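Take a look at the structures listed below.
What follows is subunit A paired twice: with subunit B in the first complex and subunit C in the second.
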Partner chain A sequence: MSSRDMNRTSSAQETLDVLHDISQLLNTQLDRETLATCVSMIESGVNPEALATVIKELRRENANLNAGKQD
Partner chain B sequence: MSNALHGLVVALVPAARRDERLRSELTEDALHILNSHIGSSRQVDIGHIAGNIRSKLSAQDSLRFSNLMGRLLDQDLLTRKHAVLQFMAALSASSNQPQPIIPPLVPSISRSSPSSPHPRSRKSSIAPPPQMVNDRTTTATKSKAQLLREYRLRHGRPQVAESVLLRDTLYLLQGISGKFVKFTEGKGDGELTVTFSEEPRYVLPAPTRALILRLSELGHLYVRVSKWSLSHHLQSQLTEYYRLIAVLESQMSQSGAAEDDGRGGGPREEESGLTLRRLEVWVDEWRLRMRMMSVCVEGCQDSAGGALVSLIYGYTDNGDPFVRGFTDQLLEEVSKPFFQTLQRWLFTGELHDPYSEFFVAANEELAHLQYTHAYSNANVGVLTGDGGFAGAEDEERNDSDETRNNGLILWEGKYQFRKDMLPSFVGESFGRKIFSTGKSLNFIRYSCHDSDWVATRSKLDHTGRALKYSDLPGLARSIDSAYQIASKRLLDIFLDKFRLLDHLKALKSYLLLGQGDFADQLMEALLTSLSRPANTLYRHNLTATLEAAVRSSNARYDPPDVLRRLDARMMEYSHGEIGWDVFTLEYKVDAPIDTVIDPEGMEKYLKIFHHLWKMKRVEGALSASWNRIACGARSFLGPTIKGVRRRSSAHSDVLERLEGEWHQIRVVLSEMIHFMRQLQAFCQLEVIECSWKELMDFVTKKDGDLDGLIQAHRNYLDRMVKKILLISPKAGKEEHLLIQVRELFNNILQFRDAAETLYNYCLAEAARADSERDHDRGVFTISESDGLGASKSADNLPRILRRVKEYSGLFTERAQAIVHSLQLHQDLDCRFLSVRLNFSDFYKTRKELKAALEASKAS
Partner chain C sequence: MLENRQMFSETLSTTDVRIQRVAKKARINVEDNLAAALIQSWEHLKKIASDDFQEDEEIRASNLPELVHFLMELSNPPMPSTLIHADIVLSSEREMSTRKGGLTWASIMEEEPFEGEHWEGIFPAKGNQTRGDDTDSLSSIGSAFNSEPEGSQLDQTEDSETSLSTQEVTSDVHLTIPVQREYFRGSSLRSREIVEGLRRKQNWREESTAELPWNRPFNLADPSTFAATSDLAARGKLSQQAQPKIIQEVDAVRNVLLLLQGIDSPITTFMADDYGDRTQASIVSDVPRLMHLSFESYQSILLEFCFMATKLQEMRFFVKSVYELRERQFNPNLKPINSPSLSRTLEAFAEGVDKYIHDVEIWSAQQEETIVHARNGLGRPAVVTLLSCSHALKEKAQGVLSIIQDILRQVLKQDLLKVSTTHHRRDVEKLGFLRAAEFSSIPPYALATRLLDRLGDAVKTQFAIGELEAASTLSQLFVATAEPLWESIGKWIMRGMLVRLASPEDEDDEPADPELFVRRRDIEFVSPDFWEQGYTLQVEVDSDDEEIPNGATLVPDVFRPLAAGVLGAGKAVGLLRTIGIDPFQSITHGGLTEQWQPFRQVYKTATSMRSPSLAPEGDSNAMDGDKNYQLRVAFDSLGFILLEHVSPWCNLAQAQLKHLLFEDCTLMEHLTKIESFYFMRRGDAMSAFCDLVFNKLDAQQKWHDIHFLNTALRQTAKIDRKPWIEPDLIQFIVPFPLTYLLRRPSAQVYTSVFVLLLQLRRAKTVIERILLKGSLQSEEQTDANSFYALRGKFSWLLRHVLDKSVRTFHTELSKAVSLDEMIELHDNHLGRIQSLCLLQSKTAALHRTVLSILDLALYFGECLSTYMNERDNNSERQKDSTLARKRRRRHQRRARHAARNVIGFSDTHQTESTSSSSEGDVGELEEGNGDSMVMGPPALANSTSFAEESFVVKVDRMSEELDGLVRYVRKAVDVLAGTTTPIASIFGILSFMLEEWDL
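Up next is the complex of A and B:
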């Protein structure tokens, strides 16, 4: 995935940088790669709010799983 | 697409990397969510999203965000920047919650909107009972009120949402009933009361109720104020109020929208938008204003115009600067129409007051009279045309009689002063001045036909000066100057244009007999005709005599306008009256002079004239008899007068015997003449001239308005009436002295008659003696019958002598009584008359002698 992103032009890199900064600022807790994935998905027409819900859901699942493990 | 999703799942849930089943399950879930239509309907613009985000950040972060946004917008790679932003914003919203230190404990979707779908996995997953966790966290973060609200929600009795109440309250502010809170009209007095919906499904907590009640006071006041839209100013105030409500409404709809999208996002709601409490703060200033308006409106229900202005003026003495400012403002507006009316009244003399709000009221009945006036003025032209002072045609006289008394009525009655409508900040003396000014201008314009002057004057006065409430000193100055100008002008018109002074002088010289030569001529010319019975007199003879008297005296140099007004006529007579009783002079005045010389005043003039005329007659009679007796004495009566006894041998015994009687008669006659002379001198010099001087003082000073002039003239007349007619202030005895004086006059005339008879007798006797002497000399000049007549009259002699004695005694008694009462008269001038009459203590000594005599007799 990252290799594919690497191939992008510098401008894409820059855009991602900016977006990442914003994401940091907004405390979305997304890492760079995930953010890149999400942005590309949104660019391809995915509903942003739905995607956000998905991310939240997955995080929750992950947390549940971790909790289950701990328990 | 699925690849990307796959990557996401792997990245976020590390466990899925190993568990193929879990991974596919999560991917399927995610796909399911993506295919659902969460928020897909939203079409939001990037600026709005950025604004939303920015509002959540701290100042520093927001700056940085703006920076980044600028850079992002520069990039052209992304086509759906807004979507990306929205995505991040949505994620941030959830992660912005109380920072989860232990991520697993975060109840991520438990408070999400109902529209967010519950993933299938939730049921199957190892979810801990979310309710418990939920409760624990909320207790930590929520207020008691929120708890209560939720408790009620759970029990199926939801609290009415604040947004709904807010809408209701906004309606209430406009006096409209809302859904849950209503205005109900009281049964008895129609007062509005606020009631809350009693539906048990909805609960309104007590504090909210109190808050709404407080707010609804404003709506209640609004209803009252708008019902009596008092004036333009209140309307504009109300417009401002509407504006406030409109602003509040728009705020509410915004906050409503914010609430819709931010449901569950508590912090947003607290920062912007409208709540009941904020509303309370917003309208707080208006509450006071509304209260003031309502108070004014309540107080002004029954009053209008000036009364209204004074009522509001009463509120300006308030310690609270806000209230004072408000009332000042209100008064400024409310008094505008008042000042407009005032301005027109003050500068043009027009009363423009369609709602009769001004403190000057026009008398409807007299409004038409100004036209009659114009007519009567035209009439005067006709009168001048015929040139004579007789003005004899009865028709014309009737006409002028009709309009004659209009002047004063018009002046005094056309406008009325209404004290209760006078604004209290003007003050009554000023009000009177204003009233008089406008009245003067109006009078100048309509009754004196000098509207040009008024027009130019008002133009001059108007320039750049508007009367206003806020400029009270200026107002006072304008009023003063306008008053002075108008009054002076009116007086000038009266004195110069209408020659008031000429008329007054004419009245004084003719009716008050000030012009002696004229009076003497008239008296002489009328002497014979006036002694005849009244019904044998004809008016044309009288007027002819009057004209002759005018011609033969200095009166002919008076202006013709004055002379043509002078007229002689007879009053209503009854049987047995002679010319003396009914003859009267008359002076006709027409509008607008009759404003000053009103009919009532004319009556007084006539009253004085009668008295003076009688006096004149008596005086004339006395001097005539004195003349005759004195002359006769020289020729035949008193042989001792010259010390030369002409034909003494032949002188009749009778005449010699009568010599003493004649002496007595001359003494009494001179006493009478003294009395009459003093009386006349008193009337002319002490009373008429002194009063005239006072009147002239006023006229030359020109200080005051027409009312002042009228008053001065009235005082002048009243003073003369009181002193000439010797009116005493004692009630019931006012004319007591006058009657005595009149009786005295009669007495004098009777005495004169008796003396004349005696004189005639003596003349006859002398003639008889002469004829006897002629007979002795042999000349027969007298017939037997004449001699018989003479002897007959000789029998009458004692009777004649008795009468003479009786009348002279009566005169002395009366004169004494009059002098005595004059001494006790309240008026100083009348007392002075007694001094004049009794300067040598003549009457007093007699009385004292009498007293002394009685005293000596008694002892």
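Up next is the complex of A and C:
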């Protein structure tokens, strides 16, 4: 790996760290891996608002599923 | 490119506004750190974007607004973990900026003195307030804010308003998490992972997670599957349940140890009782579970601990209430007008309990320390379970705590029972929640007695059942509780009783010790009754504070053997001090070289003295048993050990008082004088005195004039070369301290004996006078002789018995060690004299009979003298009457001898009234003769004139009456001789002598 590549990776890592901090401060309940995935999706052109809606929908479904299991 | 930049800039500014709004919302919710951290992170992100981002980066700067927008869409209200994260972000950022900025004290000092503003530079969040040349990042923040036209002004204002608080909060955070800061020296991600890993292990945190899942199929080889299976079985459904919070048993034990120390834990909490104090330990609703215990068994074990913790907590609040009451008592600012008084014994008891609770807390802390050491591999391996902890706790504390609470409740209950027979809710509360104020209604001496008695009983019981540990703990508590009372005893002996010499203003100088078992009554010091009744042992009182008649004395059992001695010593010391003598001035002369020792030291000496190691070495059971036995014996005999300790002090005081009485006040001399006069022990002199009195009587003159008596006494005293009596003695005047011994009620006894002896002498004189005339006819002389013989017998009895008793009394008195003992001996002596002189109430009838006999003698003498006069005048008539009387006399004698018939009659005698009046006029003589006035024999209104009845008839009737009376006396004396009293033998001799009557 060239030094430029290393710098790029380090910079991306730092950006992701700060984004994770903001994510934690906003209490988005996204872990680091999920956040990385979401960031890459947005970078790929996914509408962030739509993505957020999908995640919320998935969470709601998951909660319903868990409630059904408990009963 | 330009368009992109423009677009980026606009979007970035919009995002800025959104971030600022979120931060503002956080500040409104008083979450300044969160706001600061959010702004800081966003500024940091922008900085990275502006510096390093290239177009071919993995994360493009142009996408930052979209990314932040995405995050904001998913944002939720902050949780505690969010706030903690904000703290971490702030502290790590400060760390980095400190290192990066290189701000040193030298540079600070070189700059202009903007004190306080230097520190603002450390917090880039408030960059719009800091000077722009501090850091690059801060200038970028400022430009970012400045680029926002709307709302920025408001934000700046808010920032300036909250900057100070933010700064303070931030610096606080900096101080409170130094350890966390250490983790962020390296990679921040790694540090956070470490911290989060550690936090997950902390069972009291919400985010702590179990290592194993809860819902697993039951496996016989895996105990951790039992709890879930048990729950499933209990619910009757096989569906899976939500994951409960799980805790390891070792953590549960640590929580239990916290509980015992009165601290809330994740599994238990303290609920408020009716007083609003958090004393009731209970299990929390969502208690973390143990994987290998069913809920029921887990709850059962925890409840045991809760009971124990509740008891401990109740006692903590009891101790606290005692301390608060004490604080109120000694602080005049806090003391209300009707503040309840606090017994020092209760205070000492509370201190003892406090020490014990402290011991239990130390024990709990040590247990926890052992667990932590074992867990970290520092100490010995330990098996930690709830059950083993429960067993250890039972051995350590349970029995003792229950006993202590039981003692307090019994003490309260006793008071409630005394006050009323009905029970109210308030009473139940008193018993349920022990507080110091509830004990204030009990008098301090009663409280001390009850507490010590019950504690002492508890110690003995624990020794008896072999609970050496509990007995030892309770005995320590007992010693601590007894300390104030022991100190009071010492003070009482040293200072003595408080004597008020008629100066009412001094009354409040030094109130009597309310703890002590000595009760002070309101009797004047100079009163003869003061010594016996001025200070007495405390007795039970009823609800109206009136003494219960014949109630038991309220003295703690442990002090009972020495109570009387202590009371006497205090009285003796007080008397001596009043007179001006300090009994303990030359304390070394009495063998008392030591000061008054504390109770714990006396107890320690007693137990160490009585616990030698008799068992062979190495036999630990035998040693324990032997030690147990020895301690038990030492505790049982503690009262006598204390008596040994107190005796030298008491004896010294009593010896000084005795010396004062015998040497300085010449007690024996006064006593001899009194006895010489009142018991007529001075034969010749008293005969002369009596003759003077009788002459006065014969002359029908008033003899009971005090001046006449004084003159007569002075004359008789002159008969002897050495004056043996002072005229004052008739009025019973003796020097001051002797009044306690020789004054009332003893004076009454002396006078009553004197009266009886005087009556005897009077009868004797009259009869002797008849005999001297020598002209009586034989029958008449027989009767006179009978009188004489009987009187002689009584006289013998009284004289010899009195003499013997007096001598015995003198011997005993010289051996007595205390004034109390002397008073008791004197009272016993007088009681004995009273019994022998038939002056007690049970022998009142006999006394009356004897008086009747004496009166008969007087009456006979008078009749005879009248008859002699008439005979001289009318010899013929006398002859006839004599013959007739002879015939009747012979006839009656025969009949009497045949039938031994008792025909009694009594007479109202002129002489009796004379005698009675003669006895009853001078001072105390009057009181002594009260009975004889009332108890005269049945009256026949006869006079000495023979107009109605001839002399012969009168003599016959007298003879019959005398016969009846003597027989009655003999029977009564027989009965007295048959009793088991010490004086029965003397009455036996009298009874034997009276047998001659029938011969």
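Simple rule for what comes next: the second predicted complex is superposed on the first by the 63 of 71 C-alpha atoms of A that agree within 3 Å, B and C clash if a C-alpha of one lies under 4 Å from a C-alpha of the other, contacts with A are read in each partner's own complex, and residues count from 1 in each chain.
Basically, a residue touches a chain if its C-beta (ideal position, glycine included) is under 8 Å from a C-beta of that chain, and two chains touch if they have at least 3 such contacts.
In this text, all values refer to a predicted model and were calculated from it rather than measured experimentally.
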- Query: Is A:I42 contacted by the first partner subunit B, the second partner subunit C, both or neither?
  - Reply: both
- Determine, under the contact definition given at the top, whether A:N62 touches first (subunit B), second (subunit C), both, or neither. first
- Using the superposition described at the top, determine whether subunit B or subunit C touches more residues of subunit A. B
- Task: Scan A:N27 for contacts with subunit B and subunit C and give back first, second, both or neither.
- Result: both
- Query: In the superposed arrangement, does A:V54 touch subunit B (first), subunit C (second), both or neither?
  - Reply: first
- Task: Would you mind listing the overlap between the subunit B footprint and the subunit C footprint on subunit A?
- Result: 11-12, 14-15, 18-19, 21-23, 25-30, 38-40, 42-43, 48-49, 51-53, 55-56, 70
- Over in the complex, which subunit B residues touch subunit A? Could you list them? 1, 4-5, 7-9, 11-15, 22, 26, 29-30, 33-34, 36-40, 42, 53, 57, 61, 64-65, 68-69, 71-72, 75, 77-80, 83-92, 94-96, 103-104, 106, 108-109, 116, 119, 121, 125-128
- Using the touch rule from the top, collect the residues of subunit A that touch subunit B in their complex. 1, 11-12, 14-15, 18-19, 21-23, 25-31, 33-34, 37-44, 46-68, 70
- Taking the complex as given, what residues does subunit C use to touch subunit A? 22, 34, 37-38, 41-42, 44-45, 48-49, 52-54, 57-60, 63, 66-79, 82, 85-86, 89, 188-189, 239-242
- Footprint of subunit C on subunit A - complex, ascending: 7-9, 11-12, 14-19, 21-30, 38-40, 42-43, 48-49, 51-53, 55-56, 69-71
